[in-house]
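Next come two complexes built around chain A: one with chain B, the other with chain C.
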Partner chain A sequence: MTLDWSVVWQHREALVAATGTTFLLTIATMVIAVPCGVGVAVLRLYGIAPVRSLATGYVELFRNLPLILVVYWAFYVVPILTGVGLSPLATGLAALALNVTAYNAETFRAGINSIRKGQVEAAMALGMSRAQALRRVVLPQALRRITPVLASTWVSLFKDTSLVSVIAVTELAYVAMQVRAQTFRVLEMLTAMALIYWLLGYPQAKLVDWIQRRYAVNE
Partner chain B sequence: MLPAFGSLLSVTIKDTAIASVIAVPELMRQSETVAGQSFQPIEVYTFAMLVYFVILFPVTRGVDRVYRRVAHLGRS
Partner chain C sequence: MTESVAAPAVPRRDSATILRYRDVVKRFGMLQVLNGISLDVHAGEVVCLIGPSGSGKSTLLRCTNGLESLDGGTIEFEGARLPRDEKALRAMRARMGMVFQSFELFPHLTALQNVAEGPRTVLGMKPAAANARASALLAKVGLADKAASYPAALSGGQQQRVAIARALAMEPDVMLFDEPTSALDPETIGEVLGVMKTLADEGMTMVVVTHEMSFARRVADRVAVFDGGRIIEEGPPAQIFDAPTVGRTRDFLSHLGWAG
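Then we have the complex of A and B:
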């Protein structure tokens, strides 16, 4: 068996661009999923009855579906149902955002629930409305508590972006597989792909560890 | 620790779908095949969604229930 590692270097530009897409997907998903997650969590906790069940239904649905199936579903079914044909990148982003929003909503709900009821009551006794108490008292504390969880969601998301390669989004996994198919250098490309993901993922995981130490709650 | 294992259980069930990319004939792969042969992706993929949900929802509910029973809930 002869290995030809030069194939990795030859396709460096494509791989770098693909890595950029991977990061773009991760960042864009989080930018959408954090505010939407707060929204869904607040609706689920404080909304009127039908809105509450709708939010609960959404969270339970997307938490209980494989991401790869959501990606396929968004790719094949949404254009037929809505008549809107999105690019693979936008479709992949939508599927990731739907999935991560559901997870973030649960994280935010747990964070909000972890702040004692007495604090909202105290804030309301001081003349704040419920919304003010939520925004000024509960959410800042909750956000600090769930930062470590959001950070580990981030790392999972970074790796999960590889799943959108099944609908031909030109991110790292897809481009590496494409080069593999063109050059027949299977072992080299898969190893290079693993190495790139690891080198980028490891510092992020270490950063999460640091955030978890930094924001640990001691009660 | 128990709830962490519990959510790992549902994560593992969901991740079996990834095996479809190397043509393991599980639910996801078979759905792709049937969707491709019948040209009815809406019905097939929506049905697959339903099946996964029906499998996973009781699992996560069960894990939540076990968690509520064993959790310290603010006491340590």
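Then we have the complex of A and C:
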């Protein structure tokens, strides 16, 4: 078997652009899913009963559905139900954000619950409202505590963005597969794809480790 | 049995009543923790609450600023009943300082930020003004050089002094101390009691739940002895420690090795 690695170089521009889309999807998903995750967690913890149930239902639904199913569903079913069809990129982003928000909500809920009651009491004894205590005392500590979990969510998400290739979002996996299909260079393209994901993912994981050490709170 | 002493042996510095407890009852499930507590705390007075663990001292303190709700009786702060309304209760809490056994400093903030947090968030002070107030208070508790330290880098005694400064930053009318030295190493207890003594000498109204009998004896204007959710004896320290009239008080004090 002869290998022809030049195929990777020949399609470098498409691959670079696709890598950009992968990053864009990862960042945009997290930009949506972190604040929304906090929101859902707060609703689950402090909301009135019907809101709490709704938030719980949302989390349990999306945590227990395969992401690829959500992607397909958002792409094929939602337009039929609503009559509104979004671009593949927006649809993929929505599916990822729905999924990661559910995970982040659970992470934040655990983080908030891990802050001991005395901290809220100390804040309230100063005259703070529950909302102020949450914002000024509980969330900053919870966020620091769950940084490692958010970080591993980030690294997973970076790879999971490849799932939106099934609806033709031109991210790294989709473009690599397209090149493979056109050139029949299966081994070369799959290896290149693996290398690109790994070389980009590993430093992100390390960076996150460093951020966590740097901003860890000693207690 | 819970009658207060008719003629206080220690002259009160001011007759205004800061806290008035009447027949306070608190239950946790089936357990009745407070069985009708009546007590007055006057302006400038230091009242120490002593008694065995589980006798209700800390619970009374936590009811005082509404961290626990009452199941019966009333608490008045400066002539007004503790409000049920959250917002009004917060305004009242802001005028009571509380110091916890476990310090409860905010670990993500420096000592200075801890002390400035109340003025900034609750009083809406500008950061510069809040920090100036916090600096002055850290100096007052002897920790000017620790302003930039995080709680984890401070000893227990230092953390508790920051916690006192944090409570003082709200310029409270009364300070509530919930066993402030019980979690401390013996060698750092003195520095915290020293700060509390200074506050008392300056005329701060204080309610102190404590097992430090020598502090109660030296600093308190009045001592209330708790047992089984009641005040079994109340009076000036000289009476409580030297001539307790109730048998349970004598038992309690002798258990602590208090020779009188």
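Basically, the second predicted complex is superposed on the first by the 208 of 219 C-alpha atoms of A that agree within 3 Å, B and C clash if a C-alpha of one lies under 4 Å from a C-alpha of the other, contacts with A are read in each partner's own complex, and residues count from 1 in each chain.
FYI, a residue touches a chain if its C-beta (ideal position, glycine included) is under 8 Å from a C-beta of that chain, and two chains touch if they have at least 3 such contacts.
Nothing here was measured: the structure is a model prediction, and the numbers come from that model.
> State whether A:Gln132 touches chain B only (first), chain C only (second), both chains, or neither.
The second partner, chain C, only.
> Scan A:Gln182 for contacts with chain B and chain C and give back first, second, both or neither.
Neither partner.
> Touching A:Leu69, do we find chain B (first), chain C (second), both, or neither?
In the superposed model, A:Leu69 contacts chain B only, not chain C.
> After the superposition on A, what does A:Pro140 contact: first (chain B), second (chain C), both or neither?
second
> Is A:Ser87 touching the first partner chain B, the second partner chain C, both, or neither of them?
Neither: A:Ser87 stays clear of chain B and chain C.
> Touch check for A:Ser6: first (chain B), second (chain C), both, or neither?
A:Ser6 sits against neither chain B nor chain C.
> What is the contact status of A:Ala122 with respect to chain B (first) and chain C (second): first, second, both, or neither?
After superposing on A, A:Ala122 lies in contact with chain C but is clear of chain B.
> Give the list of chain A residues in touch with chain B in this complex.
Listed in rising order, the residues of chain A that touch chain B are 60-61, 63-69, 72-73, 76-77, 80-81, 163, 166.
> Which of the residues in chain C end up touching chain A in this complex?
Touching chain A: residues 65, 67, 86-87, 90-91, 93-94, 96-98, 100, 102, 104-108, 117-118, 121-122, 150-153, 166-167, 170 of chain C.
> Chain A touches which residues of chain B in the complex?
10, 14-18, 20-21, 28, 31-32, 35, 41-42, 45-46, 48-49, 52-53, 56-57, 60
> In the complex, go through chain A and note every residue touching chain C.
Residues 118-119, 121-129, 132, 136-137, 140-141, 144, 217-219.
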